[in-house]
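Some structures are shown below for you to check.
Each of the next two complexes has chain A plus one more chain, namely chain B in the first and chain C in the second.
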Partner chain A sequence: MSAFLTRNRLIVLAYAGMVVLLLVTALFSPGFLSVSNMRSTVVLAAFVGIVALGQTFVIIGGGIDLSVPWVLNSAAIIMALLCGGQDLPLIWVMPLLLAGGAVIGLVNGVGVARFGVPPIIMTLATNVILQGLILVLTGGSPTPSAPALIQFLSVGRIGGFPVIALIWLALTLVATLLLSKAAFGRHLYALGTSATVAEFSGVPTARTTILTYVASGLTAAFAGMLLTGYSGQAYLGMGDAYLFTSIAAVAIGGASILGGSGHYLGTVAGAMVLTILTGLLPALNLSSGALLIVYGAVILLTVSIGSEAFAGLGGRLRRN
Partner chain B sequence: MDLVTVKGLSKRYGGIVALSDATFSARAGEVHALLGENGAGKSTFIQILSGAVRHDGGSILVDGQDYRPANPDAAQARGIAAVFQELSLIPDLSVEQNIWFRHEPRTWLGTVNRGEMRRKTLALLEKYNFPALRPDRELRRLTLAERQIVEIAKGLAKDPRILILDEATSALPAREADWLLKLTRQLAAEGRLVIFISHRMAEVRAIADRLTIFRNGATVAAHDANAVSDNEIVAQMIGRHLDRLYPERVPTATDRIALRVNNFSSGSRLSAVDFALREGEVLGVGGLQGHGQRELFQALFGAARAAGTVELWGKPVSIGNPRQALIGRDGIALVPEDRRGQGLLLTKSVRENLTLSVINRFTENGLLSRQKESDMVKEMVDFLRIKAGTPEQLAGTLSGGNQQKVIFGKMLLTQARVLLLYDPTRGVDVGTKGEIFQLMRDLAAKGYAILFHSSDMPELVHVADRVMVMRNGRIAATLEGEHISEEGILRAAMLETRAA
Partner chain C sequence: MTVERTAEMAQRPAEVKSVNPGIDWRGRALDRAPFLVACLMLALIVAIYGSLQSGVFTLDELNLDTAAAMTLMLAATGQTIVLVRGGIDLSIGGMISLGTVIAATRFTDDPSTTALWALAILALGFGIGALNGLLISLLKLQPFLVTLATWSILNGVAMIILPTDGGSIPSWWVGFASAQFIGLTSPVWMLLALLLFWWWFHATRVGITIQASGSNEKSAFLSGVSITRVNLVTYGLSGLFAAGAALFLVTQTGAGSPTIGKDYILPSVAAAVIGGVSLFGGRGHLAGTLIGAFVLTLIGNLVFVLHVSSYWQPVASGVILLLSVLASSIAEKAARSRVQ
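And now, the complex of A and B:
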């Protein structure tokens, strides 16, 4: 047990932070811990958490995915356009758009792994290209409202539980299995720790890298569709916030931004922390500008705690 | 009076005792060897002396004054500098920038005075007769041996009274190692104290005035070098008598060819090599460093581009990357040269390192079985006697020799029967070296085929069945039987190529 704690110190820390933050928020607004409020917090956190799933994989592998916002946007807008408010088309639109997200991820991954393009450049470029495509496609006009089925997925409930929370739970399970219980996870951590050592050990480095970006494309596209259901409509720019929050959730969750460490379970706590922070805002009567400042400060704080722990480790590594 | 006196020094890391009771004293003007098994605490001791880590208990006196450095700068202020292995160098900086890092000569504007830096670098290299080294080369382009030499220059740049060399010869080829030994004597003659750590008894014999022996974190003996025999030293180091370092060389090679290589080239360093490695054979690869040995090993393993034909167990193969080499029993496995850069995930556990190449073998229906993995890891840790607190200890915190054992274990787990061993005993203590040689012979007897390079020539002479000597990227000669000798290898390495 104590071995588990030291090994996953940063993840445990993230959950501790989440609890503290919950209590602090409850102090300022006593109604915060109510069932209905917790429910809406979890729903909001789920969107961050789902986008951050792929991002977690990418970051553990030593990369970063900046194309998240417009993959999300594109999926949302194209879905709304293709469905025209009807449920039926979803049976082909959803798989199509998930595949689309995967293809964008594939392009990112191949660019990074096969052609050696730095991840920041590669994913930034796909992001901008997608943005351009969507602007051309829609001419900036508003899109029809979201199909009812999608609205059910994102705001509906089953037995009192938000559907999206259940989806998130299922995804968390899958991600945890992949990271902790599958060969893929070992390969991924090895890749992020040292690409050279991984290569020399026979790890399929290129394939593993590509898979992380594919996962990120998938989760961003999926989140885009769900988010349309939540807001009832798709609109340009709805994904913008998720670039920052997806990366921040991973960092708060204890992953090193340099790769090789972290876990999706940490990211889940990170997504919760960020969302609770947002909930603290009305309670403290902070402006949205102030929110951004708090956001930024929290990231700085957690990342520096993380890198402190990292530096400590580095110091302990041997020089024989 | 003694320059350094250490009493009862101790250091623990969590539950692991690195040093329990180290006692040590050394005078100015001597070369003082520090000996001990892998994990005995030598590196920990010098890390404390050089201010890199703090001790828990005991006392250190330097010049009779209490000494407890808070960091390496404080140690340096007292005239103590240590040469660690490649780790403290920065790959993006040039040789000279590394040598003077944080101590760069300045102009009156406070900027780095490049001219002065170059002048001082050349003067330093000249003064100690360094092997050829271009000051403006970027460090990442250097070989392991060259990086080690830069590290030595960096230590000397501080003009220390006490210079500590931790296994500095282990990464050096013969000629450079000789240079370092001479340099060590010269430094002692200048009145400095050199603390010298090495697992090569011959080197210790050649230069040490006195020696101190550690075992399990405590000092077991200190001797004048000429008052004690090799056998006694080894016995005190490992706590038992070592009958022989090199196993008996019973020929086990069969007629079956395990690895046949034709017209095999890679880059500009390896041109059109032909040879055959037989089942049950240990084939040595020797010659002066930089004549294609590294390229041969890397290219065979798929870690470097190559042209030519390769046959494994009679079947032509094309190995474009290490993944295609590591295909189980019929594949090829490598113990790479650079253990930190290519061999080990330093921030991951011994367990994760050991099983990284074969993790797929522990999955059932796609899910890992930790039990199966742990059993296999435990077996390997016991088999190689890897000294780790638990298999969860981070590989980077193991002693150097134990890191090497982990890499060896990782290679064995791949089950490949063609093994490429590039300096597999680097940094390994005498006792374990003997075990590794025995293991190599045992594997050969079981039908493995081993290509073996060592920077320590006697190892080639005593362990290999045949020795290929490389020169300018070609095989200059292949020595067999009684022709295998150090002189024979050297002659072939230096003379014009003759038909072998």
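And now, the complex of A and C:
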């Protein structure tokens, strides 16, 4: 048990932080812990969590994916355009757009792994290219409303549970299995710790890198479609906020931006923390500016706790 | 020049030097390849632009384009220093927003009050940048996450000061951008000043230590460089230039905006990378960055004269970014294989 705590100190801390935040928020706004409010918090956190799933893989592998906003936005807009408010086309539109997200991820991954392009530049470039193409495609005009089926996936419920929360739970299980039980996970942590050592140890580094970006393209595209269902419509700029929140959720969840550490279970707590904070501020009567300040402070705090300097300090204190 | 030599000697085995004691032209060309590619791109863009539009090769056009590019150039100057150090500064977005909202709410018609506030904004920029540097060094944190956090915090402060775009900038401050001296407007003089600054700065002790720590932090530290001090100055300068960018930006917009800064974060990195600055630290010149900023700005003009939808502009800039980074990675590989 103690070994588990030491190894996953940051993830445990992220969950502890989440619980403390929940209690504090409940103190200020008594209705916060109500079933309906918790339900809507989890639904909002699910969007961040799903986008951050791919981002977690990419960051553990030592990269970063800045193309998330417009992969998400492109999937949302193209889905709305192709479906035209009808359910039936979803049968082929959803797989098509998931494949599209995967292809963008493939392009990112190949650029990074095969051509040695820095991840920041590669994914930044695909992001602006997608942004431009979508703007050209739509001419800036609004799209038809979301099909009812996708709305069911985002806001519907099965036996009291939001459907999207169940989807998130399933994805969390898959991600946890991949990271903790599959060869992919072992390869990924090796790659993120040291690409050179991993390469010489026979880890398929290029393939693993490419797979992380493909995963990120998939989750961003999937989240884009679900988010369209949630807002009832796809609009330009709907993905912009998710660049910051997806990276922040991973960081708060205890992963190192250098790669090699972290887990999706931590990211789940990170997504919850970010969303609970969004709910805390109206209770305290604070503006959206204050929310950004709190976000920044929370990121600084969590990365400080995770840093070597802090760990060293803890060691010194224990020795004394 | 001296900096480059030391960096080269640090990276290359001694035998290579002894085999070819004369000037290694091919090696130099490979070293400069990304910069040369950027120059070529700019020349190409200007040529196409000039053949489609009359009056491109005039001082007026130079004045106009430099004014359009200057905010990005100032932001990218700070970013270049940070990239050469081997870091990245995302907080410039927050600093630019904060600078514009302070200017839009505090500047008055009284020049002395305004000048004081302008100085205060510059000092704030340096101070916050220095704080970034200290956090990175003392807590051993990653620049990406620290500056992501401070970006959010600064952006939040800007939104509290001025929740929506607005405020006003005194007309005499706005007029600064079109003030002329010997046919050239102030932005063109600022461009020359930036080049002069770099020519001086990269050979100073501070400039050399920044580049050396970007090349190899451990060996810089072992040679007696204080990494904490280097980070403090590097990020401080980045904040200072971001504040400068804010002060120039308000001459173009005439108002403050709590969100405008984010439009300069990634383009500042892109301008530097197009100009041949390496994201891995230790390599790069401001001249390249400024050319990169011109390339990114002129794409907008090009899209306009080609009569295609302005939405193609981000597509074009993304493709150019990819092409130039591919060119530099190929050049780097070639340089490495020559050494081995």
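Assume the second predicted complex is superposed on the first by the 307 of 320 C-alpha atoms of A that agree within 3 Å, B and C clash if a C-alpha of one lies under 4 Å from a C-alpha of the other, contacts with A are read in each partner's own complex, and residues count from 1 in each chain.
One rule holds in what follows: a residue touches a chain if its C-beta (ideal position, glycine included) is under 8 Å from a C-beta of that chain, and two chains touch if they have at least 3 such contacts.
All figures in this text were calculated on a predicted structure; none of them were measured in a lab.
By the touch criterion stated above, A:A234 is placed in contact with neither chain B nor chain C. By the touch criterion defined above, A:V203 reaches chain B but does not reach chain C. In the superposition on chain A, A:L218 makes contact with neither chain B nor chain C.
Of the two partner chains placed by the overlay, only chain C lies in contact with A:A290; chain B stays clear of it. Of the two partner chains placed by superposition, A:L82 touches none, neither chain B nor chain C. Of the two partner chains placed by the overlay, only chain B lies in contact with A:G260; chain C stays clear of it. When the two complexes are overlaid on their common chain A, residue A:V112 makes contact with neither chain B nor chain C.
Counting the residues of chain A touched by each of chain B and chain C gives the higher count for C.
Chain A has no residue lying at the interface with chain B in one structure and with chain C in the other. Looking at the complex, you find that chain A touches chain B at residues 3, 7, 177, 181-183, 186-187, 189-190, 193-194, 196-204, 260-261, 313, 316-320.
Across the complex, chain C is touched by residues 64, 66, 111, 115-118, 120-122, 124-129, 131-133, 135-136, 139-140, 244, 247-248, 251, 256-258, 287-297, 299-300, 303-304, 307-310 of chain A. Interface residues of chain B, counted against chain A in their complex, comprise 13, 43, 47, 52, 84-85, 87-88, 166-167, 301, 303, 321-323, 325-326, 334, 336, 341-348, 352, 355-357, 359-360, 363, 366-368, 392, 394, 396-400, 403, 410, 414, 427. Listing the residues of chain C that touch chain A in their complex gives 88, 135, 138-142, 144-146, 148-160, 163, 258, 266, 269-270, 273, 279-280, 309, 311-319, 321-322, 325-326, 329, 332-333.
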